[in-house]
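Pasting the structures in now, so scroll down.
Here subunit A shows up in two complexes: once beside subunit B, once beside subunit C.
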Partner chain A sequence: MTMQTLPRRLGAAAVTAVIVWFLSVRLDTFRDYQIAEIAVYVPAVAGLTVLTGLSGQISVGNGAFMAIGAYATALLLLHLNWPFIAALVASAAATAVAGGIVGVAAARLRGPYLAGATLMLGVALPALAFAYRGIFGADQGLSITFTAPAFLGASFPLTRWQAWVSAVVALVTLVLLANLCSSRIGRNWRAVRDDEVAAALDGVNVAVTRILAFVVSAVCAGLAGSLLAIVTSLVAPGAFTITLSIALLTAAAIGGLGSLPGALWGSVLIVLVPTYVTDVATSHGLSSSVGSNIPIAAYGAVLILVMLVFPQGIQGGLVGLLRLFTGPDQETRTAHDAPAPHATPPADEAPASHHEKEGTT
Partner chain B sequence: MKRTHRRRWQAAAVITAAAFTVAACSSGGSSSSSPGSGSSSAALTASAPGITATTITIGSHQPLTGPAAPGYSEIAPAANAYFSYVNAHGGVYGRKVVYKYLDDGYDPTKTASVVHQLVLQDNVYAIFNGLGTPTHLAAVSFLNAQKVPDVFVASGCECWNDTSKYPQTFGWQLDYVREGKILGSYIKQHFAGKKVAYFYQNDEFGLDGVKGLDYEIPHSMVVSRQSYVPTNTNIAPQVTAMHASGAQVVAAFSIPAFMALLKLNSLKLGYSPTLVSSSVGSDPITLGGLVTAFAKQGGATVNGNQLINGIITDEYLPALSTSDSWYVLFKKIHDQYEPKAPLDGNFFYGMSVGYTFVQAMLKAGKNPTRADLVTAIQGGLPQGPAVAPYSYSSSDHAGATGAYMGVIQNGVVVQQGSVLVTDTSASGAITTFSGTEQQAPASGIPSP
Partner chain C sequence: MVEFLQFTLSGISFGMIYAAIALSLVLIWRGTRLVNFAQGGMAMFTTYVAIEVIYRTGSYWTGFVSALAAGIVLGVVCQLTVIRPTMNKPPINAVIVTIGLLILLEGLAGIFFGGQFRSFPTAFSQTGLKINGTPLGVSRYDVFVAAAVLVTTLALAAAFRYTSAGLRMRAAAFNATIARLSGIRVARVLTVGWALAGLLGALAGVLVSPSTFLYPNSMDTIFVFGFTAAVIGGLDSPLGAVVGGLLLGLALSYAGGYLHNGSNLVPVVALVILVVVLMVRPDGLFSATQVRRV
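The block that comes next holds the complex of A and B.
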C-alpha cells in the first residue's frame, strides 16, 4: 500500500499543478491573484487540519505562526537580500522553533485551556511589532518588493508568477503532509487523539507526538506567512489579527477536519465567498450601511449552511455524494479518518482539480 | 433510514448546485457591465482603462466594517453623494463618475486583495482616496507598478509624497508634520513658560505629529511624553503621569475615541489642562458624541458638547457653520443624496475630496489618459474647499499646506487668527497665508 501511495500522490499533485498552470495562463491576471491568495491559505489550513483532525489538539493562534513566517521572510529579503526560496526555508525553520516552544506548553493543556493559550498567542504576538518598531516597523509594517524573474520577460504578469510560486509551495506541502499522515508519525497522532492511555501503553511517547504535531502545524503556517509576504508585498500587524486565526480554523472545519483535500476546499471558500458576495451586494445598489455588512452576514450564512448540509465538512460531503452514485459500499471508515476512499478515483486528486475549476472560472 | 439519508444528500446536491449557479451568474453579471455603449457625443472616447464615452469608473478601499469603521465609513458615501450631484448636473465633460469603493475592514491583506480586484478585474481608471496608512501601504507599490493614478490618499502620512518611488501617488489632506508644526508654534507663542505634555498614538500618525511639535516647541518646555495604542483603552496610567508631571498644556495627536477618553480620565482625576488637539481627533460632533457615550457606559451622565468647549485645534477645511459657502453647498447635497448620514467632519471631508477629484478630472482634459491625470495634478490644482493652497508640483505630491487655529465652542470650531502655511522641514518658517479662502461655486461644480 505505502509503495503505491507516494507515486499516486505525486501524480495527483502533478495533475493539480498542470491544472493550476493552465488556469493561470488562460484566465485574467486578477484570477491569477485569487489563485495565489487561495494557495497562500492552503498550507496554513492543511497544517491546522492535521493538528486538529489528526492529533486532536486545537489552535486558535496559528495566525501568529503565519506572522512569524511573514516577518522572517520580510526581514531576510529586506536586510540580507536573500533569494525567496532561501527565505522560505529559513522562515519555516524559525516557525518550527516557535512551534516547538508553544508545543511544549500545549502538550500539557487540553481542550478549552489549550484553545485559551493559543488564543493568547494569536492576540499578543502581533503587538510585538509595536513594541519593537525599529525592527518590525509597527503599524506601517515592512514593505517588500517581489518581482517575476527576468527570463520570463518584462510583460509577464507578476500575479501569475505569485500564483505559480504559491501553488508550488502549497502542493509540495500537501504531498509532504499526506506522506507524513500515512506514516508511523501519522498513526501515532491518531492513536494519541483517540486514546492517550492506550497509545502510551503501546509505547507511543504521547508528549513528543503532541509537540511534533504542533511543530508541523507551525511550519505549515510559517510557509503560508512567507507566501503571504510576497503576495501582498507588505507585512504589517493588521494582517495578523485574531480574525485570521479564526478564518484558518473555519476553513479547516468547513473543508473537513483532518482532510487534506478539505484544506483546499476550505481555502477556496474563505477566499472566494467574500469576494462574490461583495460583488452581489454592491451591484444591487444597497445603501452603504447595509451593503457593507451583507458580505459578513452572507459569509456566516454560507458557513452555517455548509455545516448543516455537510456535517463532516465539504470533503466528507463529497465522499458521501460520491457514494450516492457508486451505491452502498463497503467503506466502514468515516471521511473523518480517511479522506481518500480507495475504491474510487483517488480523492486527493479529484476534488483538488474540481475546486480549482469552480473556484476560478 | 437509508432512504432519508439519500434524500438528504440529494437535497444537498441541489442546494450546492444552486449556490454555485447563483455565484457564477452574479459574478458574470457584475463584470460584464463595463464595456461602453455610449455613442451620442462623438468627441468622447474610451481614452483610458476605466473611461468610456459615458462613464469614469474609479475605485477605493475603505474601512466600511471593522475597528476603523465608526466615523471613517461615512467618507466614501459622502464623496459618492458629491459625485451623484455632479452626475445629475452634467457630469465631468458629460461622463458620469462611477465610484466603486470596497470594504477592506482596515486589514492590509484585504486591501491588497480588493485593490487587485479593482485594478485587474474592474479596470478602474484610478484609485481615489484609499483610506489608512498601513492599508494603503499594501497597495501603493502595486498601483505604481501598474501605473494606475493613486490620488488623494486618505491619510496624512508623509510617505505618499515620494515622487521618485511613487510617481502615481498623491496625498491630499494636511500632513501630520505640518499640522504638528502649526500646533507647536501656537503653543510656543501662547503658552510660553508653561509645562507641556504630549499625548499621542504610537504609530506614524502620532509620531509624525510629535516630530512637527518638536520642531517648534523648545524641549525644555516638554515635561511628559505619553503614548497609547488604539487596542488598549485603559489610558489612566498615561493621564496620571501627565497630571503628576504638572503639565498645564496637553498637545494631543489622537483619534476621536482617545481624545474622549483623555477628557474623561482627566475629569476623573480633577486634572484640567488646556487641550491642544490635532484636527484628526477634534471634530466636535464626533468628539462630543463620544464623550457623552463613553461617560454613559461608565454610568455617568455628562454633556459631551459642553465638556469639549475650549479645546484648541487646527482645521484645514472650513468650519461647519451656516455662514460658510462650502457648508451651504455640501449641506444641500447631503440633504438631497445622503440625508441619513450625520453631517459632521467626516462627511465634509468626503465631499471636499470628491470636489478636488472633479477639479483634477476637469483639468486632465476631455479624453484623458491615466498619465494626463497625474500631469494635471502636478500642474497644480486651484484651492477649492481647503483653506490653504495645495503643494502639488512635479516634485511635490503632498497636498494641503496649511490650516487655521480654532477653539471648539458649542459644537463648532471657531476660527482664531488667520490661515497659516508651512512646509515639512525643521527649519521651514510658518507664515500667514496671504491669499483668500475660495468661495464655493454657485453651480456646486468646479469650472474646468
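The block that comes next holds the complex of A and C.
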C-alpha cells in the first residue's frame, strides 16, 4: 500500500461524486430515481463482494440484512422522529449485531451448507413481518415520509435529493471498504480464503476473521436497506424476497467477485438492463406479458454469458482488456479509470486451486 | 389425535416432494460438486409442458409422461450447453450460471405461457379419504404423490446399486480421475446425472402443482425447502435427502398446524431446524464424519 493510495481513492470518489451531481442535475426525475436505485445497491453488493470474493464465504441471503436496516430505519423515523443520519447509523449498528450472530453460526459452515443456511435466512426473515404485523405492518409495510431539506427551496426535486444522499453514502462506504480490504484485516480475509490451515499457522484467528467479514457485509447491506427505505418511502416484505438476495449475489459476480469497482458495474447493470430492455420491447409494440418477461429472460442470458465469457466478471474483463493495450503496468491505469480504485491484484481474482477441488455450493 | 394424524399425513405428502427435489440436487452435487439453483425453474418449465399437453390431448397421463421426458431432455440440454463450459472455471461461476439459467427459464415461461396463475389437474380425486366417517386429511392424490416419489427413489437406488451403469455413476462421483483411468466416460456419466435430476425435478413439479398453482415463480419456495432438506440430510447422501425431506415436511406441517400464527412462521421454523442440525453436524445428518475445526 503506497502513500498515495488514500488520496487516490478520495480523488476517485470525488470525481464520481461530481459525475453523479452533473448527471442528477442534467437528467430528468426518472433518471434521478435510477441513480438513487443504483446507489442503493452499491453498498450491499460491495459488502457481498467482500464477503464472498475476499473472505470466501458465500451468502444467498444478504437481502435479510437489507430488510433489517430498512425496517430499523423506518421504525426510528416513524416512531421516534430521528433525523435520517442518526437512523442510518443506528440501523448499521443493528445489522452489525445481526451479522455477528449469523457470522458465528456461519463460521462452522462451508460451501453449499452455508449457501443453504443463508438462503433460508433470506426467506425466513421477511416472514416475521407477517408474524408480527402489529410492528411491521405485514403486506402493507411501513410508509415513511422523506423530504428534501428546506434550504434547497420548495421546488427542489425529491428524487434528486434522494440520489445525492444515496450516492454520498455509497461512495463513503466504497472508500471505507477499499481501505479495509487493503489493511491487515483484508489480508487476513484473503489468507483465510486461500488456505485456512496456513492462515491459522501464521497466527490468524480464522473464526474471528470469518465472523468479521459477515459483520462488515451485514453493515453494508444494512446501509443499503436504510437507503432503500428513504428512496422508496415504503418498507414492505415484498421488497425483500429471495429475488433481492439473488440479485445482490449475481450483481457481485457479474461485476467481478472481490472487486469494489465491480460492485459498481454490477449495480449499474441490474438496475439499467431491465429498464433498457423493457423500453426496447415496448417501443416494438410487444404485448405486456411478453414485454414484461423479456427483461427477465435477457438478464438471465446476460448472466450466463458474462460468467462464460468473462469468468472474472466485468472488472476482470476490463483489466484484461487494459492489459492487452498497456502491458503489465495495468494497476495504475485501472486505478485511474475506475471510480473506486481498488486495483485488485491478480491473486484476488483467481481463487486458490484447492477451492476448486472442494467445490463451492 | 385425528388432527395429529392429518398433519402427519399431509406432512409426509409434502415431505416426499421436498425429498424429490433434494434427491435431484444430491444427484448433481455428487457428480458435479455443484448446487443446481435452476432445479426448481427446470421443474416449473416441464410442468408447463405437461399442462400444455394435457390441455391439447385431454389426457393427464400423456402430460405426466411428457413432463418426465421433457425433464430428461432439459437436464441434458442445460448440462451440455451452459454447465459443461463452466467446469474449468472458478466454482462460483457455475453457481451463478445455474442462477442465470433459473432467471432465464422463468422469463421464457412468462413469454411462452403467460404469467398468470394456472390450476393444474390431478390424476386422482383430491377429496379427503375417510375411515368410519373420520376425515384423514389426506386424499387419494396424496397417496399417489407419496407412492410415485417412493417408487422412483427405490428404482433409482436399485439402479445405482445393481446395474453397471449405476456402478459407473458411483465410481465417477467417488473419484473422477480414477474412474476416467478405468475407462469410464465421466463426462457422459455427468450428463446422465443431470438427466436423472431433470426427471426427478419434473416429477416433483407435476406432483406439487395441483396444491400450489402453476406460475413462473411457483417452484421457488419448493426449491428452497428441497435445498434445505438436502442440506439437512447431507448433500452427499441420497438417503439423507429422503430423510431430510420427510423430516422437514413433517416439522413444517406440525408447525403450520399447531403454532399460533403458524402458517406465517413456517419459513422461520425451517430456518431454526436447519441451524440446529448444522450446528450439530455442519455437513448434514448423513455426512461421512469429518473433523473440521475452526
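Here, the second predicted complex is superposed on the first by the 322 of 361 C-alpha atoms of A that agree within 3 Å, B and C clash if a C-alpha of one lies under 4 Å from a C-alpha of the other, contacts with A are read in each partner's own complex, and residues count from 1 in each chain.
Going forward, a residue touches a chain if its C-beta (ideal position, glycine included) is under 8 Å from a C-beta of that chain, and two chains touch if they have at least 3 such contacts.
Keep in mind the model is a prediction, meaning the values are calculated, not measured.
Chemist: Tell me which partner A:V231 touches in the superposition: subunit B (first), subunit C (second), both or neither.
Modeler: After superposing on A, A:V231 lies in contact with subunit B but is clear of subunit C.
Chemist: Using the touch definition from the top, say if A:N293 reaches subunit B (first), subunit C (second), both or neither.
Modeler: Both subunit B and subunit C are touched by A:N293.
Chemist: Look at A:Q140 in the shared chain and tell me whether it touches subunit B only, subunit C only, both, or neither; answer first, second, both or neither.
Modeler: first
Chemist: Applying the document's definition of touch, where does A:F130 land relative to subunit B and subunit C: first, second, both, or neither?
Modeler: It touches subunit B and subunit C both.
Chemist: Does the superposition put A:L324 against subunit B (first), subunit C (second), both, or neither?
Modeler: first
Chemist: Classify the contacts of A:E37 with the two partner chains as first (subunit B alone), second (subunit C alone), both, or neither.
Modeler: first
Chemist: Given the touch rule stated above, what does A:S183 touch, subunit B (first), subunit C (second), both, or neither?
Modeler: neither
Chemist: Would you please give the residues of subunit A that touch subunit B in one complex and also touch subunit C in the other complex?
Modeler: Overlap of subunit B and subunit C footprints on subunit A: residues 127, 130, 289, 292-293, 295-296, 302, 358, 361.
Chemist: Using the touch definition up top, name the residues of subunit A that touch subunit C in the complex.
Modeler: 52, 58, 105, 107-110, 112-113, 115-117, 119-121, 123-124, 127-128, 130-131, 196, 206-207, 210, 242, 246, 249-250, 253-254, 257, 289-290, 292-304, 307-308, 311, 350-351, 355-356, 358-361
Chemist: Hey, which residues of subunit B end up touching subunit A in the complex?
Modeler: For this pair, the touching residues of subunit B are 2, 6, 9-13, 15-16, 19-20, 23-24, 26-27, 29-30, 33, 64-65, 69, 73, 76-77, 80, 100, 102-103, 106-109, 112-113, 116-117, 120-121, 133-135, 137-138, 141-142, 145, 157, 159, 202-204, 229, 231, 340.
Chemist: Mind listing the subunit C positions that touch subunit A in their complex?
Modeler: It is residues 29, 33-35, 37, 82, 85-86, 89-93, 95-97, 99-111, 114-115, 216, 220-221, 224, 227-228, 230-231, 235, 261, 264-268, 270-271, 274-275, 278-279, 282-284, 292, 294 of subunit C that touch subunit A.
Chemist: Hey, which residues of subunit A end up touching subunit B in the complex?
Modeler: Going through subunit A, the ones touching subunit B are 28-30, 33, 37, 127, 130, 133, 138-141, 143, 145, 158-159, 228, 231-234, 236-239, 241, 243-244, 272, 275-276, 278-280, 282-283, 287-289, 292-293, 295-296, 302, 305, 309-310, 317, 320-321, 324, 328, 358, 361.
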